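Both complexes shown next keep chain A, but they swap its partner, so chain B is in the first and chain C is in the second.
After this line comes the complex of A and B, so read on.
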């Protein structure tokens, strides 16, 4: 799977400098209070959404000021991961958290990097020991946030990719270990580059004069749109509001910065505007085995509306989000909860649906843009089968 | 040329033999095309082809039989140089032949070897090989792999000349055999009308051969149509239909001539082809009586009067020396319906083969691999006579033959037997027993508290899943849907109730009523095809469609060894017919006897299908030993784990 990564698309070396520029524009909410403990501090809110909230922030009045302050600060300025931490014992969670602070780094990539440093700093002397250690680390990462699909999937894929090599048994330990490290780093590299690859693949689908409906805030979708804008494509974007964390507002801000015409819709106006829309772009929290996606609440209904009006639905998702899950319906998933602020007090007798995401079955999706290439939903399962079995 | 190609499309051999076309309809269609009758085809057909007709008459080597004297000498060079290009090119120059036809012919024939019931085929092939073909190879000691390679070559040899004048083998090929007798008048310069008449008559003859009594009277129609054609080819147009009709009636009585079988052998035995059926009967151990009043559309499937097989078998008990007693026992159990269900039948068969292999001793001057394969093949054909193979059995026979073929030559007999014995054990354990355990684990994750599960018929994997989920302490309810005539659901119901599950029981008539309260549908499958089509107990498709309409997820539990690379779109092409009596009688209701003498009613046909095909659209998920996959991933598993399965 990974060796077939479509990274050749980057070799064109088109606008790579753009990336740095864009990164510098990002907010780096490193000053946000981040839960650095081993346990999820607030069980009421899914840890995944805590991270997202920290990364994306809720658009507030002082958000722009923060953004301004952040300009010019490069992600590399952030404290580098302490691999050779002298005193205290190595903890994969600490490592993960230090990577996680980078706003531009996806959670799964942070986990992949953390796992790679587990191998590097391991004091194991046999392959078996190392593998057990790695397994423990990945388990603790996974249990740190069970609601994050990409984290779980990323850890699983890492384990698969890094440890699945038949030649390992025949080598001496050190060379095997260095090979593992090499593979781990390559995996991290591919995962890191994935977003660029997807952007290059996905922007071809944007044609001049088209209208794109975007739901929620996805860094991959943003990258695709940004690449398209930089390639002088003329298009306009409809952003849904993205209640309750208003991620759409943030995306519309980004679009405005790129001088892309953007219109903000409330979430319930999707069907109303669908006539004008040429394509729907969404990201994904996780891509499941059926080829469907699990994404922010509201994706399913947008896909349904788009399907009934024969508009294509494109999903941009890195392949480390491919998870061995197969939900049959909406309730067939581990729920990820998220508080919703209605602005007024809610009577205690009123129940609030706080689930943060829904499942969109594959028949409502047109194509998936992944770093493996542009795939139909049914290919997801093929890739997973080939990798896992 | 145009007309020929357009009409070729519907005459795919498989479709043709279904017996789906009414004679009139087919003729209409072939006439409605832009008939280039007066242009090129007659030329190629008659005047130059008058000479080159002779290759057409060449029977394929395997059918070269004694009574075909006329073309026998001609047959020799072709069969000797089965694939020699020059011989082919001579004929290609005749005109109506082009590369695409060649491709079509060969590709159709080369598919044969890897059909699902290829062992069936190869058995047939070996036995029917006669004359010089058989003598050129050690008889009875055919390697199965060799068999698989051979048929396409032979078929091609038969096919190429046929393609000169012909569309696709089959019925018209037979008629061509008649042509040499009439070739003299034909060689004379024919008028347009005459040529047209000839074409018409050919077409009519072919349509007739394809008609209701399709395979059975092929020779008859061919000769029947050809006779008037020979005599008065010029005004045959109007006469042909009547002559066809006449020959249709007396078709049954005609003695089939052996040279009539230029046809490409189909991958499976088509039971509307009387020649083959005759032949198969002659060597059959079990002599079943054919059922009467059979449904037209399903004539290509075997159907026998129930209860006629066993007494005959019993009387022959001591003559059945070539079949191992263990295999015999299993065969009789199939026959009586004592062993049902894909897994049970497969395991029983493999256990019987194990016994047979244990008792096997290699005859002198034979290689173990070949002799044992032949033995297994003969057992398999015996089992087929008892009941058609299931796809699971076909796959496991493939596995076994593969193992035998892969035995190293140096290995001693006892070692080889031990190896095969443990291979079969391993197959049963890994592909069936362990696979079921894995499936049960996976399936149980999809059962939540408060669920209402619906199942249809009796699938042992589904039963295990429910019991396992119950053991895990899940609170759920089961709806068992059942149907006549087997009432397999009752067995499931009894077992589930005995374990303390809360169950409802209903018949398939009420499935749309009960479906609104159901949250999951669990079904078993006899096989899953490459396009995701689920082949299962008849009624499954109905349940799946109702569930789909109610937006209830349909989960299919099926072991990966039952997957098959074939693509099937309907339940007609390959299916099994059960005893029609069981649907005409109502158990325990002697007063319901309206259909007691249905056999005497000419215009009444009963259809008792055993399987049906559920399109993949109605399937939400397939739970297999490789995990939970969407139906679109079946070909991936088939492709990726083919070797896995066989080795």
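After this line comes the complex of A and C, so read on.
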């Protein structure tokens, strides 16, 4: 006769310590992490989700205008001038942070560009030294935020891309180095353009008169919908609010700007409206080996409801998000916590589930749109095996 | 070329009037037609592959438009385009490899030349192959910039070996067409023998004392079952008649002639009889990129019955039926309406078909769809001439046989190649 042990009593002791740390941060939830320190000061709070909240959470329009002015420029601009760096040693984290501040740039792409600039500014004189430097930079980026899957996957792929080339058989170090820089920039370009390719593939699946359900705010999905709207397709969008960041509100603004009929739902209203929906579009924070995805909290719920009502669930994800992880259940990943603001003070005895993401198993997904093409979930493990074997 | 144009027009008329029956016959005739187009096409001195691709695309566009439901036509057009690209690439890499080797041997003293990316022939071939393969994480990470290095090295080799290169090229032009036509012949051969290849696998799937269910009549299924019978397997077959054409009756007669115990049932009786069946084996009209099947009408119902009773649903399809498009694609016509006279006799129902009444349209409509779409989750196994596969494996076969550039067969108007 088995029954569940009350292990939550044992776990409570552990959680109490976590509570104390996160308490201090509940006061200022939208603080972006410090740019000066090399180490993320609060490893328990996921910097990845904090950034997302800062970029896409609900903000007033004049705050937004101020922030835009502060960033100052178009995402396509060159990185900040290197002159200032001549005084102090080159820090890949600084470089990364300066790229990361642009809301349109994906984190992994920022990391790739930062690593590319590591090669450029490296003082190494041999190939081996350069590789070691790169590895160190990549490791420090990865450890800065262990919860971001696309960051880790992007760094890993970059390292493989850059070092795994017969161009390194050159005798001349300088030409080899310039080749590496070329490849690094190329990889950065590919990753940056990935969204456009995915948008072109994805908008093909949107037919006239369809209803699309979207969860929260995903830049890739936004690109898909924008492309479909530009191709004069008539469709409407149901957008979930996406608590606690309420990023869905931002998406509804964007849809309104494109003159696409949009309806906002609270997260609990998904099952209620699911029978009117024709397809579900979500982005992904990471695509795991089984073909499942890790995405913002709530995605698994939506996928379950859609599956039970036979609605297709489409995922739009760039290829650098393919990670070598295989979560067996929801708790099998590194925890990524995100403080939630309920608007009223919560007594300290009450526990709050602060995880920012969940894992959706592959059987609930229909197709993945990536820059490698339209894939079924079972293809992902194939791709990863081919690459890493 | 007026010769070829006449052949093309003739074939288009046949397709439009639906005179060609069955995807295998259509595929074979398309391949033969394209072969004549290639052999008659005059190619310029440079970039012959581009000219051939243009010609095939122009013809292909017309053929596909003539009968959009017959996906085998589009499949064969795309296969031929892929063959042209592959042969061109393999010839190019062979030529460059040859040049590289001779460059190395001639200029051993020239230190500057060695500094140039004189990559091994294997690396060049790998780079070339990767541009032809569909994008995967691996190709994304392979030496893409080296393909830019390939023409560089060939041009550097060119000024020292001008004469030999031009002689090379003219023999190359003849060789390209020759190789392509050889490959297309192989394709035609494959199409013709697909039934044998599939039937060879029958023994692995049909075991002693099994009960098989099928619907209508598919030649592939018939040969499959007969091959198992040849190998001394004793089994029984339930044949659903396949209204309104009742081809199941023909199949039942043929199976009895071969000595197989056969039971004939109506389509509506499938759900009632499915619990007595071990396996369902059917043919297909076309297989889509997601693993979904366009099959004769009634098969979606059989697939649902099979799933409900946990009976494996096996689909037999030759590789010419494999289509790289997805079913949502507007180019793909999932269904075609056939003549309602197969259902109802005009004579009996002439009073219902009265066009003179009220709004001018009769109250009785008779619809006779030809096909059904079976979603991939209902299919247990695909048996093709290359072996047995999962529905989720279809993307791999598609990647082997088709190029990503050919998904939309449209001749680019301002092609300057």
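Observations on the model:
Quick note on the criterion: the second predicted complex is superposed on the first by the 319 of 389 C-alpha atoms of A that agree within 3 Å, B and C clash if a C-alpha of one lies under 4 Å from a C-alpha of the other, contacts with A are read in each partner's own complex, and residues count from 1 in each chain.
FYI, a contact is a pair of C-beta atoms (placed from the backbone, for glycine too) under 8 Å apart; a residue touches a chain by one contact, two chains touch by 3 or more.
Please read all numbers here as calculations on a predicted model, not as lab measurements.
By the touch criterion defined above, A:319 lies against chain C but remains apart from chain B after alignment on the C-alpha atoms of chain A. Within the superposed three-chain model, A:378 lies in touch with chain B and with chain C [touch as defined at top].
Contact with neither chain B nor chain C is seen for A:227 once the two complexes are overlaid on the shared chain. If you count the residues of chain A touched by chain B and by chain C, you find the higher number for C.
Contacts of A:289 after superposition on the shared chain: chain B is touched, whereas chain C is not. By the touch criterion defined above, A:203 lies against neither chain B nor chain C after alignment on the C-alpha atoms of chain A.
Contacts of A:386 after superposition: both chain B and chain C are touched. Once chain A of one complex is fitted onto chain A of the other, the partner contacts of A:147 are absent, as it touches neither chain B nor chain C. Looking at the shared chain after the overlay, A:328 reaches chain B, while chain C stays out of its contact range. In the superposition on chain A, contact of A:98 is made with neither chain B nor chain C. Counting contacts by the rule stated earlier, residues 378, 382, 386 of chain A appear in both its interface with chain B and its interface with chain C. By the touch criterion given at the top, residues 446, 448, 520, 553, 555, 620-621, 626-630, 632-633, 636-637, 640-641 of chain B touch chain A in their complex. Within the complex formed with chain B, the chain A residues making contact are 289-291, 324, 326, 328-329, 331-332, 362, 378, 381-382, 385-386, 388-389. On chain A, the positions that touch chain C within their shared complex are 157, 160-161, 164-167, 171-172, 179, 182-183, 186, 190, 204-205, 207, 319, 322, 367, 371-379, 382-384, 386-387. Here chain C touches chain A in the complex through residues 115, 117, 119, 123, 134-138, 140-141, 143-146, 289-291, 326, 328-330, 390, 392-393, 395-396, 404, going by the rule given at the top.
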